[in-house]
Amino acid sequence: MTLLGFLDYAGVAVFAATGALSASRKELDVIGFLFLAAVTGIGGGTLRDLVLGSVPVFWVRDPGYVLVCAFVGVLVFFTAHLFESRYRLLIWLDAIGLSAYCVMGAAKGLAATGSPTVAIVTGTLTATFGGILRDIIAGEPSVLLRPEVYVTAALAGACVFTAATVFGLPLLVASAFGAATAFAIRGGALRFGWSFPRYNSRPGRSPEDVL
Amino acid sequence: MTLLGFLDYAGVAVFAATGALSASRKELDVIGFLFLAAVTGIGGGTLRDLVLGSVPVFWVRDPGYVLVCAFVGVLVFFTAHLFESRYRLLIWLDAIGLSAYCVMGAAKGLAATGSPTVAIVTGTLTATFGGILRDIIAGEPSVLLRPEVYVTAALAGACVFTAATVFGLPLLVASAFGAATAFAIRGGALRFGWSFPRYNSRPGRSPEDVL
Amino acid sequence: MTLLGFLDYAGVAVFAATGALSASRKELDVIGFLFLAAVTGIGGGTLRDLVLGSVPVFWVRDPGYVLVCAFVGVLVFFTAHLFESRYRLLIWLDAIGLSAYCVMGAAKGLAATGSPTVAIVTGTLTATFGGILRDIIAGEPSVLLRPEVYVTAALAGACVFTAATVFGLPLLVASAFGAATAFAIRGGALRFGWSFPRYNSRPGRSPEDVL
């Protein structure tokens, strides 16, 4: 298996685990675990393949990805109670998945179009969309709206990978740089509460007050 | 019209009715009924066609599906008050749509790829995605998070149809078996409160408590 | 640049601004502004291209659209505090984007398929989907559920444009008629509280009461 192939499977598996952990927080049954694991695991890559016109999408070409999600969903169903804090586990696995997927998404975008801008967008989109879908379907507040940097980590990882590749670094090195950048930023934000200045001039009013 | 063609129109029409009933619960205007009917009716099949690379999607090739949704939306706008419980009607029509669509989705997935795994996934996805979209857009709690089995019924119907087809049963028989399985499971869950053991080791804590 | 090209960029830019304003209401950081600007700006057109099978989608073929969104996101981050009511600005820009995009979506649907029904659907979908995505991701109540007509304006604009084109009017005239119709209806609804009779026979009961 190539490095990118490994990153792809790893990204799918850890995102699937976050979906299953989200199912555990909602106390779903085992099929609910499978479903949220699959949606989260393959959601980002599905959107990436669709916008690039790379159809049928990756898990239709290689159903092994779906089986990985199913396996992870069942595994988490039987082991989630072993972890002290399922939410902390979820959020750290999500950070790993984000790091793997921002590189994968940028690599596929660059290979398909040759455009660094597109590569950065598909990297960011692939890395964040699975988690967004998971939170929407599970009815959780979106990870995007939390104070720590999230999209920024994916964006930075995609930028570093793309720049390194454009400047001619080998794929292995560029991938490692990109994933390490994303993980360092997201991990630092989780560990030390890093955040950017947030927009905070005046609170928004509710729609009812305004119109 | 072939059997699969009929199942397809039937699935679109009853899902469209559930979308319109959801609009009635939100007290939207008649165009809101049309819109939610269309999104719910064609949402699952649209995702199925996109991931399989079968584009333009089915309702672009045959706009009759959209007209069916529009007709159903207007019909429900003028008749929904006749039903004692619009939510009960919604949830039972949703069960019928789920049964028709898990077979349709699996049949299209199998025809496009020959892979039973893909067929089961596209069957489950097609059957559940329209309802998920409906609940997200209408701001209702997702049917996925309710205690009765839901995804399980779609998954079981898709598995039975796929297995029957792989073992060489005629399409008509395999379709009937698949749809009956899904409807029996979902109907039994609604009627008798069937549910799987749910994950219930410790309640999840809110994000604010943990990080 | 052609008229349709201009309408397309204008639609993307004003929808991007509404996404960034939504980010300001959630007090996100500058990358959150970029992200919501991009999702809102290109979301509707992405769905349009996907269902029509026009892949890779428009912003993969021309990444300039993404750069416009990024520029608008940063601009709004630094200027949103200058506006008395960010929500009123958001909702009026959304009306402009809706008017531009219902014509664009209908024009692309008609060009791709020749079917007026498909053109009306892609016009309506393109005009409304970006705003739906924005509200879902930002966790705001959907603009669809507000009392003023919204989908209706997009639908009317798409119908007028399509009818004018089918009857042989020049593209420029048909586009102007379509966009003006949509803006007049949506603007009138916002200014004068126009609304259609809403479904209002009996209040819906909660799922818990019924099953």
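Of note:
In this document, chain identifiers A, B and C correspond to the written order of the chains, with residue numbering beginning at 1 in each.
Operating definition for what follows: contacts are C-beta pairs under 8 Å (C-beta built on N, C-alpha and C of every residue); 3 or more make two chains touch, one makes a residue touch a chain.
Since this is a predicted model, take the numbers as computed values, not measurements.
Contact topology of the protein chains: fully connected, every pair of chains touching. In this structure subunit A contacts its sequence twin subunit B using mostly different residue numbers, the overlap staying below half. Chain centres here are Cα averages; for subunit A and subunit B they lie 27 Å apart.
Of all residues in subunit B, those touching 2 or more other chains are 50, 55, 136, 141, listed in ascending order.
Against subunit A, in their complex, subunit C makes its touches with residues 23-35, 38, 46, 50, 55-57, 59-60, 63, 66-67, 77, 80-81, 85-88, 91, 136-139, 141, 146, 190. Contacts from subunit A toward subunit C in the complex involve residues 50-53, 55, 109, 112-113, 115, 117-118, 121-122, 124, 128, 132, 136, 141-142, 144-145, 149, 151-152, 155, 195-202, 204-205, 207, 210-211.
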